[in-house]
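I'd like to ask some things about the structure below.
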Amino acid sequence: MTVVLGQDLTKVYSLNGRQVAALRGVSLTIAAGEYLAITGPSGSGKSTLLQLLGGLDSPTGGRLELMGRRVEGLSDDELTDLRLRQVGFIFQRFHLMSVLTARENVELPLAEAGVGRRERSERAAELLAYVGLADRADHRATQLSGGEMQRVAIARALANRPALILADEPTGELDAATGAQILELFDRLHQDGVTLVVVTHDEHLAARVPRRVHLLDGRIDRDELATAR
Amino acid sequence: MTWALVVRSLFRHPVRTALVVAGIAVAAALLLDMVMLSGGMERSFSRMLLSRGFQIRLSPKGTLPFDTEAMIPAITPILDDLRADPDVERVGPVLATSLHVRVGDSLLTLVGYGVDPAGQGLYELEAGADLVPGDSTGLLVSEPAAAAAGWQIGDTIRLQGRLDPQSARAEAERVVTVRGVVRFLYDARGQRSVGADFRVMQRLGRFPDADPASMVMVKVRADDRVDSVAARIARTHRTVEVNSVAALVVQFRSRLVYFQQLSLILATISLVVGVLLVGTILTITVSERIGEFAVLRGIGVRRARVVRLVMAEGAVLTAAGAIGGVILGLATARYLDAILTSFPGLPAAISFFVPERTAIAKAAVAVFVAGVAASGYPAWLAARAPIAETLRADAE
Amino acid sequence: MSSFGVVLLLHGLALAASTAQPLPGIAIERRLADRYRLAVGDTVRLTPAADRPAARYLVEAIYQPKADPATALRGEYQIRFHLPELSRLLGAADRVDRIAVLGRPGIPADSTAFRLNQPAFGYRAYPSERIASESSRTFAVVSRFHRAIGVISIVASAVFLLCIMLLKVEERRLDAAVMRMIGISRATVFRAFVLEATLVAAVGSGLGVGLAAVAGALTNWVYRRRFETSLVFSHLSPDIVAFGVGLSLVLGVAVGALAARRLVTARPLALWRRAG
């Protein structure tokens, strides 16, 4: 099944009347279960592409289908629902709700999706155990280390069993050892069949990912499948 | 979950939240006081006038009841005529005059009321026995009068009336017995008053020839007949001023227009202050946390929910403020009422601030609605923030 | 003087001048003249009640009563009659509401009033001084009330001010973090923020005084028109300005200093984190 189908995507930002073309025609197909890294120099449009794929922003031109559904022309509420149920986001700076506990952060998208209280807490406990944080469930986000916060964010992204997980430099704020733990977690996700797109500067990360898309100046420069690990 | 977010966000800045709640509480207190002030005195005035159900007052032409010391002459035929009216249930003539009594070697001056025990609307019995019709030696005394003269129920007293203008002697004297302690409804605080039979008081005041009354109170059987009865009395008795309580309230209102306006202005100001407080604080808090709202939107929280989150914060702030405001407002109202009721000559039964449930509800709801409405703008700010751009800016 | 209950019926400004008999004269106050466009020499018909016969009077004078807060707000119009004329109109022959008595010099008013009260029949004598003190007591009550309301408003605005100043400084959390991190001393950062708070408080109180002046002028304008009087309703005295400005400056600077202290005593990194 095709999770992402992008054709000739463009994105132009206008900044005080000046036009900045962040994407200049990107075509990309991602099948279910793929693990993909997007690399490229700073300013090449990686984050922009990821935001389009996640329905955080809409393309200026081109055509985008997520899970076989056209994204252009969706209402804000429909896009929001898409983000809630089909996409999980992992950010460089974690972006947890600082006033909530780890468990509550994971429960948040579940509650929004209308999952009942009991099921919600069971699922949150399960996910926290999966990312190895069962014992920190009742700690506030501010009481966790960076690596722990990122693992909570991963649990949150997985909450509604999305078809697609998007991560923008998930190890950018972490030291090498902690980053490695996150990468192991991603490997596990991949083995469990989750579709995963990771934007990264990290050569180690890129090297262990089966498919690598290299952006340059808003265009796909290389799209290569690693033949062997 | 929503509530956890709302409440904990408010506790993130406890000093700030406490200040806002305190500010709203003071504004709400002022609003409540002004709502109570705007309707309170009018209601307490009308309640006082109607406390014994007499809906019409007759006073000397061109005056309001007890406004001057003028009197209605030749009252008996008027009373007979009123009593003959089938719509009239009861008629209560009142004669007010000054009396004297010796206490030790000093002369105590009292206000003496002559009443008809069969139809009086002037007092409530507090202790002892009421006058019965025809009791020409009974006396009712107010608490302050009893206290000043040291009277007990059953005491016998020598009352001196006004001095006779011809002889200049106090020949009108009468020995009476204290039957009961009463509260005269229209007395000022601490007023020393006594009540006796109407005819006894006429004689004590040395007015028997003029047959005067200071005022007549009329109780009409059916409330909807009050106006027509008042009009009929006014037509047949040209020498008296006839006012229904409703008409007196209107006159009273025009004298108190100042307080009405003051309360309106201050109520508006306090609402504006409340709105500004909630609006500014939430706007600042929201812009501090705009990244959080963008994240919420990013992980799939709908706009409407974000709006509700922010408005719920406003609602919690204003609800807490409103509750504090009601408590504070009731306390300050008692203090303000104590100030205003010390107006010289004001009947003790009048209050300016009447803590009625509707007034409290009105003020609390007004503050709450204003506060929640004020959180509309910050809520819109939070919901409208462009997700991708805000996250990018927040990460920098 | 009291013409309470007199209902004014206006007869066109017709030419009563032609009638032979001289009409009784009255003096009316300026507001009444303005309201009904009356001039000296006009004829009016007055009646004590709508259903009573009216009598005709000649406006002989228009006068401006002294502004009196006790009566200004009632909105009643005054007409002055010769006493017998008013008695005749009211059908209350030989009745007065009040008599002013001027005692011989040297005799205390109290004793005169006492003597007058001895054979009193239908009247009561009071020394003018007592009446004056009674009515000034009324105003004392009103001004105590105003003061109490004022205190409440001051508390409300003080809380408001505290809130705003607190936020104003907290807003600078990130700046404080950056300044501290690039090595600017605590004292300098603190001084900069307190100075800023002082400036904000000063500009704010300046604007507040301006706003108060405008609001006061507006209040006076509205109420003077509303009650057609020359009374001053809102008076912005230098004392009040000094108090308002002083209070907001003191509160503003105090809160500014407090919040700034909290900012500079925190570790720069903590600030950075909380600002994010």
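Per-chain residue numbering starts at 1, and chain names A, B and C are given in the order in which the chains are listed.
Following the convention adopted for this analysis, contacts are C-beta pairs under 8 Å (C-beta built on N, C-alpha and C of every residue); 3 or more make two chains touch, one makes a residue touch a chain.
Values in this document were obtained by computation on a predicted structure and should not be read as measured data.
Visitor: Need the most distant chain from chain C, centre defined as the mean of C-alpha atoms.
Guide: A
Visitor: Counting C-beta pairs in contact, which two chains come out on top?
Guide: Contact tally peaks for the chain pair B-C.
Visitor: Centroid from C-alpha atoms only, then distance chain A to chain C, rounded to Å. What do you get?
Guide: 67
Visitor: Quick one: report the Å distance separating chain B from chain C, using the average Cα coordinate of each chain.
Guide: Using C-alpha averages as centres, the distance is 22 Å.
Visitor: At least two other chains touched by the same residue of chain B: list those residues.
Guide: Residue numbers touching two or more other chains: 394.
Visitor: Give me the residue numbers in chain A that touch at least two other chains, ranges are fine.
Guide: 93
Visitor: Hunt down the residues of chain C that sit against at least two other chains at once, touch-wise.
Guide: Counting only residues that touch two or more other chains, chain C contributes 276.
Visitor: Quick one: in the complex, what on chain B touches chain A?
Guide: Residue list for chain B touching chain A: 1-2, 4-5, 8-9, 11-12, 291-292, 295-305, 386-388, 391-392, 394-395.
Visitor: For chain A, which residues are in contact with chain B within the complex?
Guide: Spelled out, the residues of chain A in touch with chain B are 47-48, 51, 54, 56-57, 76-77, 80-85, 87-89, 91-93, 95, 97-100, 104, 107-109, 111-113, 156-157, 160.
Visitor: What residues of chain C sit close enough to touch chain B in their complex?
Guide: 2, 4-5, 48, 51-52, 73-75, 90-92, 95, 97, 118-124, 134, 137-138, 141, 144-145, 148-149, 152-153, 155-157, 159-160, 162-164, 166-167, 170-171, 276
Visitor: Which chain B residues qualify as touching chain C in the complex?
Guide: Touch list, chain B to chain C: 13, 15-16, 19-20, 22-23, 26-27, 29-30, 33, 61-63, 68-71, 98, 162-165, 168, 206, 235, 238-239, 241, 254-255, 257-258, 262, 266, 269-270, 273, 276-277, 280-281, 284, 332, 335-336, 339-340, 342-345, 394.
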